[in-house]
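In what follows, chain A forms one complex with chain B and a second complex with chain C.
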Partner chain A sequence: MHYIVLDRLSRQSSYLHGLDARCKIAALILFLVAVATTLPLGAGAVVGYAFLLAAGVLLARLPPAWMLTRSAAVLPFTMAFATMSVVTGNIQHAVTLVAKSYLSSFAVLLVVASTPLPALLDGFGRLGVPVILVTVIQFLYRYLFVITDEARRMWLAAQLRGSALSRQPRSEKVAAAAGSLAVLFARSLEKAESIHLAMTARGFSGRMPALVHPRATAGDALFLLALAALLWLVRFRLGGT
Partner chain B sequence: MHIPDGFLSTPVWAAAGAVSVPGVAFFARRAGDAAGDGRIPLMGVMGAFVFAAQMINFPVGIGTSGHLVGGALLAVTLGPAAACMVMTAILAVQALLFQDGGVLALGANVFNMGIAGVVAGYLPYRYWGQTRFRRPAIFLGGFLSVFVSACLAMTQLMLSGVAMPGPVLGVSLGLFAVSAAIEGGITLAVTGALERLNSNWLRSAGKAGNSGMGAILIAAILLASVGALFASALPDGLEKLSEELGIAGRAASLFQTPLADYEASFAGQDWLRKALPGVLGLAAVYLVCVLAGRLISRRALHRS
Partner chain C sequence: MSPILEARGLDYTYDDGTAALAGVNFRLFPGETVALLGANGSGKTTFVLRLVGLLEGAGEVVVGGVQLTRKTAALIRSKVGIVFQDSDEQLFMPSVLEDIAFGPRNLGQSQEQALKTARQSLEMIRLSHLADRAPYHLSAGEKRRVALAGVLAMSPEVVILDEPTTFLDPPSLRDLIDLLGRLPQAKILITHDIAFAKALAPRACFFERGRIVAEGKTHDIVRQFQWEL
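This part shows the complex of A and B:
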């Protein structure tokens, strides 16, 4: 369960953890845009970007091996398309796809692992993402585990009743699966109803109250400026045209 | 299919973002207007439901199984605006926490699955949900929600210069159609089961009689997505045609920019030629979405 690790890592304390969420979001967008627009992506630029990410891992005191393997989650999808590029004889394009998707995935993971999700979402909200969307994402994350556990319990119960052994025709199996999804839907509705009642009773008005009020400091601005300068260096001096 | 970062060329992700941001803002306002009665927790929990629903497998045949994607089911139960919010929230959580889909590519993914997919999944139910074609309409909604988003994703990838030999494209179109049909079947089965439990959980569909409008809208969305896919494959087709007509010599200067040096010639005019049909296609689809949204909202006002 990597997201439990992610949750724990994001609550450590370090220089990167201490930065304002908006600053880290802006830094992430800058980095991703720089990577996306580096054409062609030379070896120098790859090393430059990788160096910046490594510095980020050090600044956030995150476990490097875990970061490296977790970012590789993007590779199966990339490999399918990279293989196609190799088959059509364009190895350069294949290498570019793998390098760009891996670097970008690593950068996203770096920010998510150094910012607790509520703070990150609060930052997105302050940067203009609709409040309703941010609130829905928060609810989704909170109840993800509750509803998934419910589904797992239902699956286990079905197994215990011998669902895997039964020799019923496929149409009946589909009906059973549809029925269990409908029941899961019903239980989710029930849960949403009771959450709504409890939250209304506590004065919820459609917006999650912020527990901390972040304030962007000069240090945040300095970090962003330094990063922009370094990115400029890598993007225009080491790679691209 | 969630596109990761690093795949889309700058014009494509920028254009998709430029379309998705106002689209999501529009649906957010509409979802916010209807946000009384505990709709916000409901949307969040329904997003969690769609995540969890992936654990329940539907036997398809020969050892394979499919699972719910959810765009059409959400649209039919919560309405298109709330369904767009839920799908966007799911895509955001997947991009941030599960490294499934990119952050810069989120605009494209939200456009494909959260806007175009949800609208295409809702339209058949909207127009034929109250007629004797109710069940085919629900199936068609599930089918369209997956098929349209898959075609759009493929188009964006090809516009960005991802290599896609002809046979591979044909096979993947076939696979899209199969998985879209599976989604249609699952959506139909689950809505049937939901109706048996409590028929109030499905939105009341519009009155019959405007099915011409529905057919036009669905045809427009299909044309825009499938047409854009073929348009993005067009340069090759033109090349072949010109060779057959014996004007290869002259055409060479026009079309001889194979994908091989696509990256290098990015700075030239080439990317414009490739991106323009895509941007126009996206703009057309956006227009259709806005018009559909207007229409739906007006109908909703009339009803209330």
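This part shows the complex of A and C:
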């Protein structure tokens, strides 16, 4: 079993962790819309949005360095497009693209790191995201760890039998890797069938039963209102038109 | 005393023509614990899947006076709970409490009642502190006990455990034996762990090629088939 940092962080206790998941999803949407529609994105607006995110990190008691580095995961993808803008001479556009994607990525990570996934999915479900989609994500998340462990065990088994030392031609290595993937797929399929059997044995008839959900409080509404006001300030006073 | 579960002439043949069960007869009495012994592939797991209608074939199963048919399968599954060999396959909900409440909700309990039942089941297995944890953060022993709680929450009359001692360390195994010993339900244990079988099951059935070839006192069956190290 691996200890997942994100999952551990999401189960901490803080002001932000205590907010209703729907409130945090709505706040995230507000933030993303504000960032996306700030044109042009001036230095003042960037500082304003960064200030809001920093406040969020403090409120959620998350490790700042970890947040800063993890949010950069999106940059290689963005940089490819930014490079194209630089090549065509539009440096301002490239900078805006990188800044917006980094700010957005940071905001998403902030919400995910301060909300346990079950609560987050529950929030999405209650905001009208189709149940089937929420269920699929829930199962994907639940079994991702199981399948990853399975893949890791297979990789270890291959290593222990000298796969790293092997002088096989590249084509044979690729064929072996493809074979391993096929085995992993077959095992996943087998696992899916077993899970379905286990669910059926406990009365599953095709519909996931709902459970009691937390209620949003006045505090959640206040948080959302305050954030909306601050976003309005940054969006319309510090930057953009 | 009449049996709580009775199987008569159970057959099952896999799609490739392999006969997994061939005319199995079996009776289980209220409160009784029976161990199913036998080599891998001898039909033990297929047999219990047939008991709750998860596999279909010839033969008859009656649980608490209700005959197993497609129409009664859901009712039978509420009376006979199975704890599967791999707990990961049984713990599919995002949190422990939700997972345990899954069965009661499917039985038609209200949300509040299902959560209450789930909490009671967790208390019974002394794992109330894990209620909000994600199943993948549990140890193998905890997963096994939570899987058992998920089954107990449905108040079954019979509990079936398929290889329950796999991956358990000695303290977890001791806890499991203690917990199962306290359960009033009739139990069927599929196991290769003879010490475990002897600790809980006075009676055993020995499977060979899809048939029960012997049944009797667990000690005698173990000795007869030299089923011990």
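Note that the second predicted complex is superposed on the first by the 202 of 241 C-alpha atoms of A that agree within 3 Å, B and C clash if a C-alpha of one lies under 4 Å from a C-alpha of the other, contacts with A are read in each partner's own complex, and residues count from 1 in each chain.
Keep in mind that, in the parts below, contacts are C-beta pairs under 8 Å (C-beta built on N, C-alpha and C of every residue); 3 or more make two chains touch, one makes a residue touch a chain.
In this text the structure is predicted, and so the values were computed from the model without any measurement.
In the superposition on chain A, contact is made by A:V146 with both chain B and chain C.
Legend: residue contacts after superposition of the two complexes on their common chain; A:T135 is shown touching chain B, with no touch to chain C. In the superposed pair of complexes, A:H93 makes contact with chain B only, with no contact to chain C. Considering which of chain B and chain C touches more of chain A, the answer is B. Contacts of A:P118 after superposition on the shared chain: chain C is touched, whereas chain B is not. Judged by the touch definition given at the top, the superposed model places A:R202 against chain C, while chain B stays out of reach.
When the two structures are aligned on the shared chain, A:K191 is found in touch with chain B and with chain C. On chain A, the surface patch touched by chain B in one complex and by chain C in the other comprises residues 3, 117, 138-139, 141-143, 146, 191, 195, 197, 199-200.
Of all residues in chain B, those touching chain A in their complex are 2, 4-8, 10, 13, 24-25, 28-29, 31-32, 35, 37-38, 40-49, 51-53, 55-59, 61, 68, 77, 85-86, 88-90, 92-93, 95-100, 102-104, 157, 161-165, 168, 185-186, 189-190, 192-194, 196-198, 201, 259-260, 262-264, 266-267. Chain C contributes residues 49, 52, 54, 74, 77-78, 81-82, 84, 86, 88-90, 92-95, 98, 101-103, 105-107, 111-112, 114-115, 132, 134-137, 139, 150-151, 154 to its touches with chain A in the complex.
Within the complex, the chain A residues that touch chain B are 3, 6, 28-29, 32-33, 35-37, 39-40, 70-71, 73-74, 77-78, 81, 84-85, 87-90, 92-93, 96-97, 99-105, 108-109, 112, 117, 120, 130, 132-133, 135-144, 146-148, 150-152, 154-155, 170, 173-175, 177-186, 188-189, 191-193, 195-197, 199-200, 206, 241.
Those residues of chain A lying in contact with chain C across their complex are 1, 3, 7, 11, 116-118, 121, 138-139, 141-143, 145-146, 191, 194-195, 197-205, 209-212.
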